[in-house]
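First subunit A sits with subunit B, and in the next complex the same chain sits with subunit C.
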Partner chain A sequence: MQVQVRLFANFRIGRFKEQMRDFPPGTSIRKAVEELGIDASQVGTVLVDSKYAKLDQELHENARLGIFPMVGGG
Partner chain B sequence: MDQILRINLSDLSVKSEPVPAAWAGFGGRALTSTIVAAEVPANCHPLGPNNKLVFAPGILSGTTAVNTNRLSAGAKSPLTGGIKESSAGGTTAQMLAKLGIKALIIEGAPAQDAWYRIHIDKSGARIQEEKELVGKGNFAVFDAMGEQVGKKCGCLSIGPAGEFKMTGANISVRDKDGKVRSHGRGGLGAVMGSKRVKLISIDDTGCKGVTLADPEKFRTAAKIFSTSIVNQPGITHGMKPFGTAMLINAVNEAGALPAYNFRNGQYPNHEKVSGETMRETILARGGEPSHGCAPGCIIQCSQVYVDEEKQFVTSGLEYETISLLGPGCDIDSLDQIAAADRLMDDIGVDSIEMSGAMAVAMEAGILKFGDAAGVIRLLKEEVALGTPLGRVIGCGAGTTGTVYGVTRVATVKNQAIPAYDPRPIKGQGITYATSPMGADHTAGYAVGPTLGGAIDGHKKDGQVELSRHLQFAGAAVDSFGICLFADMAISGDPQCVPALVDMLNARSGANKTAEDYIPKLGSYVLKIEHEFNCAAGLTSQQDRLPEFFSAEELPPHNLKWDFTGQEIDAFWNF
Partner chain C sequence: MTLPSSEFYSRQILFRGIAQEGQLKLQAARVAIVGCGGTGSAIASLLARAGTGFLRIIDRDYVETSNLARQSLFDETDAAEFLPKAVAAARKLSQCNSGVDIEPQVADLAPDNVETLLADCSLIMDGTDNFETRYLINDFAVMKRLPWIYSAAVGSVGVTMNILPGETACLACMFPDSPRGALETCETSGILNAAVASIGALASAEALKFLTGAKSLMRRTLLSQDVWWNDYAEIPADTARADCRCCAQHEFPHLSGENRPHITLCGRNSVQIHEQRRTIDLGELEQRLLKQGAVRRNEFALRFWREPYELTLFPDGRAIIKGTTDVTVARSFYARFVSA
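Let's look at the complex of A and B:
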């Protein structure tokens, strides 16, 4: 299945900003994060189709996946 | 800290008093709100002689612990008509603490038309008439202080906006590099202007650090605190390299931006004004992508933004300013936003309030959405000069909306709503509605746990409890003098709170618990602030969001603000 992967902040370094990636059906977000070489413990916010998602959730066809480190601000 | 310093502008007197026992355990917001609630008549005119402007360093300010440089400023707000506490970084909190000043109270008002400056150092405080710097912007004032008092001089000042008593006026703080930090919200610059104080210079030469009841215990706890902050990935990999601007892409992805004056939670050109782009731009031009506003800061969320000729444009360009002036006004150029930020720093106006006012000005047809040059012109040629239009805009989003008959005005208690739409982050909406401060994001930052996945921002469940818990914690942390961003460590690392409690106890010799320092202190502060607001004439009708949030669905999630008044009022059941 095709998933639009969007990376942010330091996760872009050595990787990309946005890419369509192919994953087997039923791939969890955690698996996708691993495949990208990102340390899951550094992941702060995951948004799928702009909604908060947990790492163990499964991705679906044409999902828009956004992966952020911890965020906070003012 | 062993004295309360009172400076009376009615008789130009300076009085040093011992700290009353009841105030001994307080600092920062707990102290400013306690003093304002005790000494300011709730129905006074905020620009009259009976209002008081109180500055108080935090409980931990002046110690060797990192990131303890936050100063609180409090008064009755001319913007909200209720109590206000506003805080800022820079060097003044540490200096006042080292000078032994637990609170600085500016009271009364001069009978004549003269302006004054105040100087505070080891020998005491003196008031003198000020002529030369009146009418000047904050950059000129800070440069002059650097020359007249010394490179490390601390300074609190108002720009022209405060002199004009605009309700959007802020109080500026000199940081360790002579750049500007701000006590932004609530028009405290107008209060300082009503007392005709142009600037307060502070020199702590010859002062030692504050005395600690248990230096060993403090040192150990401070080390854990510091490590806790450095270990937060959100700080080291987020805040430090990208500043608070890192939130632009995150909030866009979550669909909660205030784009086009709160019409859309997403903005197509978000990448152009993102923290990532800001960092790239600064690096390419030779500016500083990381910068601390005070000695001992290990977070370094600030930055130095330069133009293509490597010339300084502005420092401390925050998510709020970028988001409200950028997507909020359909301006997609960081260079233009930085130029506007610089003007706002120099004129001495709250960048949240002004950005909100600019969106309302666009709504009113004074400018077209996207007209960055027009925003800059309004700041430079109208607000800075106190023209009638400048005074309207300088008084903020609410006033601009009233004068132009605009209904789409995003304010609560007449204070502009910060850059997170409440419809997909409902806990933040509860904070906006209920905080005694008016629409305020840091007072109870529900955005953090929502983006972090601890709560579903689209649903009403648990949001009132979340906001209450965060507002208690926020009020407590506002009293410690700790930089707000250390909060990521406080909530993220289980070792951090015990270390914080140890530092607080080691400072004073007390033996209190985390329960005492956080929810108990926090709820006390909220209670006295709420009581002041009620006495000042605010009712539950002011704990509401503007109509259009309930009427309109916000794309992309198509959510409305759907809390009833009764549900919101349940916040106060404690």
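Let's look at the complex of A and C:
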């Protein structure tokens, strides 16, 4: 299934801002995150179709997935 | 109320967003800045120069040479004298603008002092470097319905978000789970001084809007910007998460100290011990430690070197032990030379 993935902040570095990705049906957000090479423990906010989502939630065809990291330094 | 010095603020008053009315509101404002590192320094400098009437600067650390490339309020003399950052910042800011009241607090914001340090302010600014403190601020601010502004930076990326309890999402809406692994920090991933200055400036502008009564102009997004890769992005933060433990369920575990470790790592090769809350006579301890290693003391702290460790001790018994990240080693060093 096709999912539009949008990354934010330092998740973009060395990856991309926005990309269409193909995942098997039933893929969880956590699995998609791992496939993108992102450590799930670094994820702060996940949005699906502009709504808050949880990592264990399943993606659907043509979902718009946004992933924002926790940024902690100061 | 009259302006203390119209000359000082003359150009700011010309800006119609502030004007005389806004300047008077700023003069009456009380703001707490939690953490005075890179972002905290930038925020404190801008808010003090803008004429914020009262600024409480809360910081648990002391100035080190490795801070000076980005922490704009400090200089080499502060590092040589291992001055607490809160004290050094207050001195510098008072020289910048003697018309504002700066209160330094050399303290670790914790559940047992959060009420005392934050409740009498109308806005809380985040200059911290860790999520443990940010979740504590968030719990307190949401419970008391106090606005606060989250700011953070690492590498070339800065992020910021205005948290207006009852109106916007809170930190626990956006980041519901505490970090389970080690997040990137300035010590592990480096930091660009322009990143902290830039995100501190954005956060300060939002603070000025709030303090001058322009709340409707405040951003309701979680914003990120990368000053190196020329990237800027926002996601909406105008709605609380329906199942947010703070906004919806009114659970504030960080206020009761749940999950709070007795000893926290400072993010570099150091361990902080804050479990020994008691007054220590630094003069008496200095005499005792002189036989054990090199000792220096100022009116705010005592520093003791005994290879391979360096201990900085504050009068309330809190200590930062440099040279290890092993809590057991740090505890043992503290017990051996300060108190069991």
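The working rule: the second predicted complex is superposed on the first by the 70 of 74 C-alpha atoms of A that agree within 3 Å, B and C clash if a C-alpha of one lies under 4 Å from a C-alpha of the other, contacts with A are read in each partner's own complex, and residues count from 1 in each chain.
Following the convention adopted for this analysis, contacts are C-beta pairs under 8 Å (C-beta built on N, C-alpha and C of every residue); 3 or more make two chains touch, one makes a residue touch a chain.
No experiment lies behind these values; they were computed from the predicted model shown.
Within the superposed three-chain model, A:G44 lies in touch with subunit B and with subunit C [touch as defined at top].
By the document's definition of touching, both partners, subunit B and subunit C, reach A:F68. In the superposition on chain A, contact of A:Y52 is made with both subunit B and subunit C.
Legend: residue contacts after superposition of the two complexes on their common chain; A:N10 is shown touching both subunit B and subunit C. Shared contact residues of subunit A with subunit B and subunit C: 8-10, 12, 17, 42, 44-45, 47, 50, 52, 66, 68, 70-74.
Here subunit A touches subunit C in the complex through residues 8-10, 12-13, 17, 39, 41-42, 44-45, 47, 50, 52, 66, 68, 70-74, going by the rule given at the top. Against subunit B, in their complex, subunit A makes its touches with residues 6, 8-10, 12, 17, 42, 44-47, 50-54, 66, 68-74. On the subunit C side of its complex with subunit A, the touching residues are 35, 37-40, 126-131, 134, 151-155, 157-159, 173-175, 179-181, 183-186, 189, 191, 196, 222, 224, 226, 229, 231, 233, 235-236, 241-242, 267. On the subunit B side of its complex with subunit A, the touching residues are 232-235, 237-239, 241-242, 244-247, 249-250, 253-255, 265-266, 271, 275-276, 318-320, 441-442, 445, 447-448, 450-453, 456-458, 484-485, 487-488, 492, 556-557.
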